[in-house]
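Letters A, B and C mark the chains as written, and numbering starts fresh at 1 in each.
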Amino acid sequence: MRRPYALALLVPALAVLVVFLVIPLVNLLVTSFHAFSSTQGITSRWTFENYTRFLFDRFYLDVLVRTLRVGLETTVLCALLGYPVALFLQQTRGATRNWLTLLLLSPLLVSMVIRAYGWVIILGRNGPIPLYTEGAIIVGLVHVSLAYMVLPVLASLEQIDPSVLRAAASLGASPLTTFRRVTLPLTFPGLLAGCVIVFSLSVSAFVTPSILGGTRVKLLSTYIYDQVVSLLNWPYGSAIGFVLIAVSTIALLVFSRVLRKSQTEVVLG
Amino acid sequence: MMRTLHRVYVALVYIFLIAPIAVVVLASLTTTNFVTFPPRGLTLAWYAAIFAHPEFVNSLLLSLVVGAGTALVAGTFGTLAAVAIAREQVIGAGLWLALLSSPLVIPSVVLGIALLQWFTIIALPAGVVPLVIGHTVLALPYVVRLVCAGLAGIDPALERAAAGLGATPFQRLRRVTLPLIAPSVIAGALFAFITSFDDLTVALFVVSTNVMTLPVRIYNYMQFNYDPLITSVSTVMIVLSIVLVVVVERVIGVGRLFGKAAAE
Amino acid sequence: MEQGNRDALDAKAYLALKGLRKRYGDREVVCGVDLPIARGELVCLLGPSGCGKTTTLNLVAGFAEPDAGSIVVDGEAVERLPPHRRNMGMVFQNYALFPHLSAFENIAFGLRLRKLGADEIERKVHSALALTHLEGFERSLPRQLSGGQQQRVALARALVIEPTVLLLDEPFSNLDAKLRRTMRDEVREIQRRTGITTIFVTHDQEEALAISDRVAVMSGGAIEDVGTPFAIYHRPRSRFVASFVGDLNEIPGPVYLRPEILDVRPAGGEPSASRRHLNGTLEGVTFLGARRRYTVHCASISATIIAEGAGTGADTLSVGDHVIVEWDPADALTLPTA
């Protein structure tokens, strides 16, 4: 029988995910709806307060806003810095292009701990972007995320028919105008895909903000760590975790919506 | 002119990308007792010093074992799942693929605390097993996607020919499909190893004071120590990763696969 | 009155290609192309693939820079100008429409760059749409249009900017045979009406003969022969040109015979004194609709002759028949001695 056999192949992987991802997350979700007291720990009282706390907890709100801001700034920087790199790669051929792509991806081989530590050494306490600041975190995050921006943009650049660019030139478009009116709009989907990946990565990142932000600058992920490991406030910590998941998911949904809209609309000018 | 500016700019970006890694490697050669860049003097003393710190050696061994375990488990489970989805056209393939990709959308810190809580509930003590489990969860999406991509590149006529010649589904899998996707499977296993070897966030929640992977030990060490031992340990990690990738690439030629898969 | 071949047009050519050379690596792809073109003329660059015709067109358009030579438009040398400053409209083989813009916006693209007012753009685009019979398709995206419609948008887009020169690079090779013929007639008609100087690149000799004022046959990076379609066909300058433009039979002499001047009839009867003939065996008859093609093996010269006759009437000859191939010697091609 074909079908049961095929399902059997799925069982090991799915079992691992169900038992060690889905169930633990559900368990965590349940925890997030419990109240916490510093004397009793996790109580049995059900409540929404862990989720509504950001409405009146100033610190929490700051962390949330800061996380979104860092995510946004990292994304914008990666887009601005990464697009020209993708352009360059697309214009390069052969062995050089392969080496450059390899070089682009090679930092991903190295643990984020080591990469962040490298930035600790470079940035130092007294430089233009000192350690334990938002700027330091952004530098580290851009470093980690750049390749994830370059690759989707490169993919969409590859899809452009070169004679379309020649057509634009023959109609009087200078190279800059051709870029602005033809290349850029046509690579919009790739750029958007890159932005979503980078935003999700930056918002969820733990290692880089932890090492480069230290105790002074907290993002949601390090805030969660503090709550759970130091303060043992599991309900609150897990609630923040799910807020973090929600933020990423919303970004993804917004992206899909924008992408679909741009593809069905006829662009008039 | 524009082209030269472009080249200069790209060179600067690449320097930016390599800088922190190069700095760590070079700083490991310093003769000073504190981390400084550029290094003052050149010595391999800090590499020798690693052996004076058996906890680092043990952590390295643990990381290697856990990495190998993850490569094996995630590689096997992920390959089977990919075969089910891309080759056998199992019902609900889209749903399964989404589910298998779900770890990608979960922030690793959330996964970490969820696993910490769960392992406590099921009374699983810290050690190789929970680490392999946690890392397998992280790595499965990559293995599945890589192998699916590899499967997509196979001519379906080959399997039909085998079926026509009387091969049962198991025989087809073993003799036709698996050999053809071997490069993708190996690339997936490699990816799983690297993911596990480099991971900090999940490992941070699954360790105890005695059982610590190397990234965790480095992370803890750097909070309180300022000597260059970290840089030499880190360099060892970097070199090991590069050597592994180069070896696999020579044997299988998966360099290109990395580029394609990372783009997806 | 047809002119001879490769004669000097009057020095006031509107578009003049002078001594163009282009090398890629160690191969010279364009080796000294000279071609004066009069205002309003449609000249075809005709030749097999690899003859340099597309490279020559790219040199004129500015997508490649010549190693030597010049391109003069209305007295001004443009070979050093980048393509976007040459004001030449180009129609590409695969249309090259902007995928993210509607037909209207594709056509308006060049006009918007020239900063024309919205009303004027509206007017010009609509008249371009009317000219190419595309009314009603303004808002369609390229992927919603058929191949022929896309080609028309490409043509309208190139024409609407009122370029000095129109360049077409094998624009119909992706269309089916019937559409090809319709489109080329349309293009010719539009070209005549607008009076725009045009270079048309193609490997299809029928197309070249059908629409050109003059045809330049290219081979190995150089122009072998230039002339009106009639002159090229009936008074080719070289054997290459003769055999590329139309079919050609060569019999010892050498005498060159086009298939359509040959009559094939059953053997026997008086050979006419004023006509030449060959005896042979009919090897094949191919019915092509309007014409019939006969393949005759002539043992005396150990060669196979291709003859063409009308497709009307019943098949009177069958394979294996002894036949006579006849022609009027005045109809034979005379090539200049090498």
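By definition in this document, contacts are C-beta pairs under 8 Å (C-beta built on N, C-alpha and C of every residue); 3 or more make two chains touch, one makes a residue touch a chain.
Computed from a predicted model, the values in this text were never measured in an experiment.
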Pair joined by the larger number of C-beta contacts - A-B, A-C: A-B
Taking each chain's C-alpha mean as its centre, the one farthest from subunit C: B
Centre-most chain, if every chain is reduced to its averaged C-alpha atoms: A
Whole-Å separation of chain centres (CA-atom averages), subunit B against subunit C: 60
Between subunit A and subunit B, centroid-to-centroid distance (C-alpha), Å: 18
Centre distance in Å when subunit A and subunit C are each reduced to the mean of their C-alpha atoms: 56
Where subunit A touches two or more other chains at once, by residue number: 175
List of subunit A residues in touch with subunit B within their complex: 2-3, 5-7, 9-10, 12-14, 16-17, 20-21, 23-25, 27-28, 31, 81, 84-85, 87-88, 98, 100-122, 143, 146-148, 151-152, 154-155, 175, 200, 203-204, 206-207, 210-211, 221, 224-225, 228, 234, 237-238, 241-242, 244-245, 248-249, 252
In the complex, subunit A residues that touch subunit C: 161, 163-164, 166-175, 177-178, 181-182, 185-186, 266-269
In the complex with subunit A, residue positions of subunit B that touch it: 2, 6-7, 9-10, 13-14, 16-24, 27, 35, 37, 73, 76-78, 80-81, 83-85, 88-91, 96, 99-100, 102-103, 105-111, 113-118, 121, 133-134, 136-137, 140, 144, 169-170, 194, 197-201, 204, 215, 218-219, 222, 230-231, 234, 237-238, 241-242, 245, 255-256, 258-259, 262-263
Complex contact set, residues of subunit C against subunit A: 61-63, 82-90, 92-94, 96-102, 104-105, 108-110, 112-114, 139, 141, 154, 157-158, 161, 167
